[in-house]
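These notes concern the structure reproduced below.
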């Protein structure tokens, strides 16, 4: 990973700012012969699109993706796939106040210090709009995975909003698409709607925890010791805006367990090794076990809020700031499709990397 | 990061297995003219060395580092620095039982599946012995940082063992070196000693949470959006053996906060911006703010325990395993110097990368 | 370098095919604060533009470059600069015959074998149209170099067409822009015009040798032993379509020299070391000496010719081919601005890399 | 490629100086299960070893390679293979004069300017001793290729010494191993012996041209447009000490040809496409055609000669230099095994890269 590129063989470079003419992703390393269409990519972008309900920013962007290269007669050619999304709703007058003031908790100040650039129209490169490009690239990754690992299913969902978590006993895969929060727990979704509505009205915001589960990941993916599958997943999730923590399987809670409690016992099943539990989150020594790969991350609350906060100006004067504009009260919601896309990119990358380095898994059991 | 190399400009490649003749690190990209001596590197290795007290593995390794290249008359030349550590205590008879059986929670099985290699002498490349090479490389990074960022201090410590956390009110920087657990809380250290002793006697193990704080990090380090400082720190920590979660600043707890509670208000201080709180862990938008950089991670309990666990053999037969041998009841303890070393490598890498890409910070405040 | 990206810190990824909707370059790693405008980039593209005289392809493309990201108020932001060039004249009917037949000497056949893609509309990704993106990226590199190394001048020119070389005694820097061949020798240019005209009429094509000289390159650039300045220049030039050989300084002729003849004697001048000759082409041990950096390469003749050649079809049948269409009789002509652009990218990359790794040159003379 | 690493998937990092304790190569990305032994690697090192006849340096080094990691029970594990070669004959008194003076044509001066390091004992990192590490790494690459592409044969040989070329009509593969110059032309070898002997006695040196042919390269290797097979071969060869020019197939001479003369006509043979000629050197559009891959490069004469040359000292004084010591009158001789090793590394890298990205060739003919 470097600057604006991630991936080893499947390499995604995103580009573009929140208020420029366009943004997109240069996707290099997709195998040839993968069916890729604008319609298929649009499906994933539509899931992330802002303004779909009252819980996300009211900025209206069609987020229509154009394929400019790398696809011929509906299939990838093996060459860079350029995905472009025009910005259309660049209304920037709401941001006027932030041209001179820094928003506490926002990248305004560090971007200014490092680059000497203050894009008064909005977040510029630090804006979460950049994640639209990730979702588009993730669509390409999913298409390649559909061909190479047909049984793979990657699903993201929210497991906590503010202090309110889901009840795992009510976990229902089918519920995830039925509520605006991608909650697998219908009752939690109802509670969150009420909670978020009141927060939104008060001009405040809140954090969330997102989980992504990849089912059907073959055993053997991951390249220790610095290209481990969990290392790359952690980097991918941590690179998403506002993420402050990443967990694999048991995550931070693993610290509190004893070895006897944490060990996922192994039995022999009809298709090879089977595991009684999945504390490991499907990864041992940085390599997938064949169990579900489970990654989880925390998104902090949006820093753009109506509550006045102390801050300073570019010229070093003490002041206060209130951020109006069209912001998400819980950015975690829209992080769900982004996280799915990142997981798809990482897994495809490791499928290709493994195929190059090792070919096929070398060790048989039984 | 790829395979066994991490870093962008300061690039560290580790090599070696637990029971081979030697292990080490090939360190490329160190600036010329940095004072580097075996003595200085040995200091850091001695801190990590096993067998120093009853709470770590009784394997006895001098872990003596030899500099084979890249240093001339006590200073780095700008060329690769080869650091070699001979393995001496390769007693492997204790491991006999694991030649055929897989240890639950251990990388045995995934290494076998992927590579078709079963090093019956021990963990091979997946062993935590690999981290000795990281500590040696970290020593080089510290030497370069001492020249380039003299005020920087990187300190790791344990904040939780099993379910028992420290009391932040008793946090004392000076205490960290005084107890075998790198605890900043003397009372917690005493409690942990008792707790761990009883665990060790029962043949069980336990997890831990480690925190690393870097004080004196200049503002401006980090290369969004995929070379963010927090992204690289997360990847670095997640690549350490047995790590299951990584947090920056508030970490997973950020999910439960509102925007108004989470915002680190900014005031103007004598040396520029000052912050009332540090929920952000010193990083905004992937770039350092000048505050303390705080990263934290969970280490799972060692999977090598005396409690019998269900497992299978290479030939696919159901069996049980008990792992004898010289294992750490809490591997988190020895992860502390490793984490410091990783943090040093990442920060130096970003100092050099920033210097190349941006030169000096471009934006002034005030 | 990997797939479609080159460069270490200044990283250019080109994308796009000859007959797709657009092509371009994703330029990452440009320092912030560099003046970048579409007008300035267009200047360089216009120099490469086809259809400007009878000696280049009659395909008419405005090659108008659009900056889609990474520039704010006329200056680079430090983030990816997306440069897009729309394809407009995609007349493809002339290519009809090549949908089934492979052109001898052309990448048709290897692209088909590797990727299973036969873009019957034209060369696809293998077309020299891709080099328009390089020229645009080179314009960004030049802008950054103008700020960082103001005295640098990078000039490309043709020194041989077919068997006819220039006379170095008539070398005139000012002549280069005055003839359609970028020849520094006016008489050679006149001869070439006549020669090429007759070739063009006979439907044949011819090769050429191009030289690029960079004057004002500071001493110290280059990162031995695999990131040497000459290594990176060689790779950059060899990556251009139809290039079959690359030389630094004396080049292949160095083989015939004795050590006493080849040594560039060193004297002490007013500004430090001075050299009597420049057999080395400004590079010793992979590092610039401060002399002119001289790189030279051979371009083979276009494979698209009117002379009938034996070939086969996709279905494996023996046949003959004659390539009609709008092709350059000497592609070397349009390679000149491309080579300048590549040299600019490589030199900027090494300026930034050196600044990051070493800071400033460490050794003084005198 | 960056700093001291080359390759994309098969990644080789060399380390070590001419007068340090050791040098070697860290080889990462070798597939698991490849037979690798010290004996097999030693075979290749012995071919390069100095002091074997009067035409190479009289420095006596056993160049004994030790495998420190990455091999278990005679097979690669998929983890880094550390190859170490101890320096034993570090006699440095002969070099005394060069501690203060710079040798014209040598990297002394640029290393000093860039790094501020003057290793008075010898060439340090710029010494051709570094190439021993390449040969060792190449031995690993050959072992992997023997498994993956059994019919591949990579052969290097000298085709020109000073102004004296071989006669292609006398080319004999079997002759190459029978003379000290790796000449495929026995008569040329005899002439060179006489010529070089007289040069050596006069204290002068001379350049050479080396060619490497890889027979049995499968079609489809190479990753356009910046990871082309010829691009990577050119970079690999140009990175070898003293190389000033690189050619593929027809090379620089391609400039003088017409398109009708240069086109390699295609016919259909029993195993697919067949080519009447091989001007292309087995590569079209950066991808192998299945023909012999032919790369050629020029090595300049050694700069360490007995003829006095003007130079300066570190303190900037004008002086003269005569380089005594044990130097090769024609370093090209020992470059032959190095070039073979580099070619092996590049081809293996592309075999693995192709396998990862594309899997198998996608397009069939016939």
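A, B, C and D label the chains in the order they appear, each numbered from 1.
Heads up, the rule we're going with is that a residue touches a chain if its C-beta (ideal position, glycine included) is under 8 Å from a C-beta of that chain, and two chains touch if they have at least 3 such contacts.
All of these numbers come straight from a predicted model, not from anything done at the bench.
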* **Label of the chain whose CA centroid is most distant from the centroid of chain C** => B
* Structure fact -> Distance in whole angstrom between the CA centres of chain A and chain B is 26
* Asked: If you average the Cα atoms of chain A and of chain D to get two centres, how far apart are those centres in Å?
  -> 45
* Distance between the centres, which are taken as Cα means, of chain D and chain B, whole angstrom -> 39
* Asked: Which parts of chain B, given as residue numbers and ranges, touch two or more other chains?
  -> 2-5, 14, 29, 32-33, 78-79, 114-117, 125, 224, 354, 357-358, 362
* Asked: Touch graph across the chains, line, ring, star, complete or other?
  -> complete
* Residues of chain A touching chain D in their complex? -> 9, 29, 31-33, 78-79, 224, 352-359, 362
* **Of chain C, residues touching chain A in the complex** => 2-5, 11, 13-17, 20-24, 26, 28-29, 32-33, 66, 68-70, 72, 75, 77-82, 84, 114-117, 119, 124-125
* chain B residues touching chain A - in the complex, by the definition given at the top -> 1-6, 8, 14, 102, 104-107, 109-118, 125-126, 130, 160-163, 199, 204-209, 219-220, 222-228, 230-232, 234-235, 238-239, 241, 244-268, 272-273, 276, 279-281, 283-289, 298-305, 307, 309-312, 314-318, 332, 354, 357-358, 361-363, 365-366
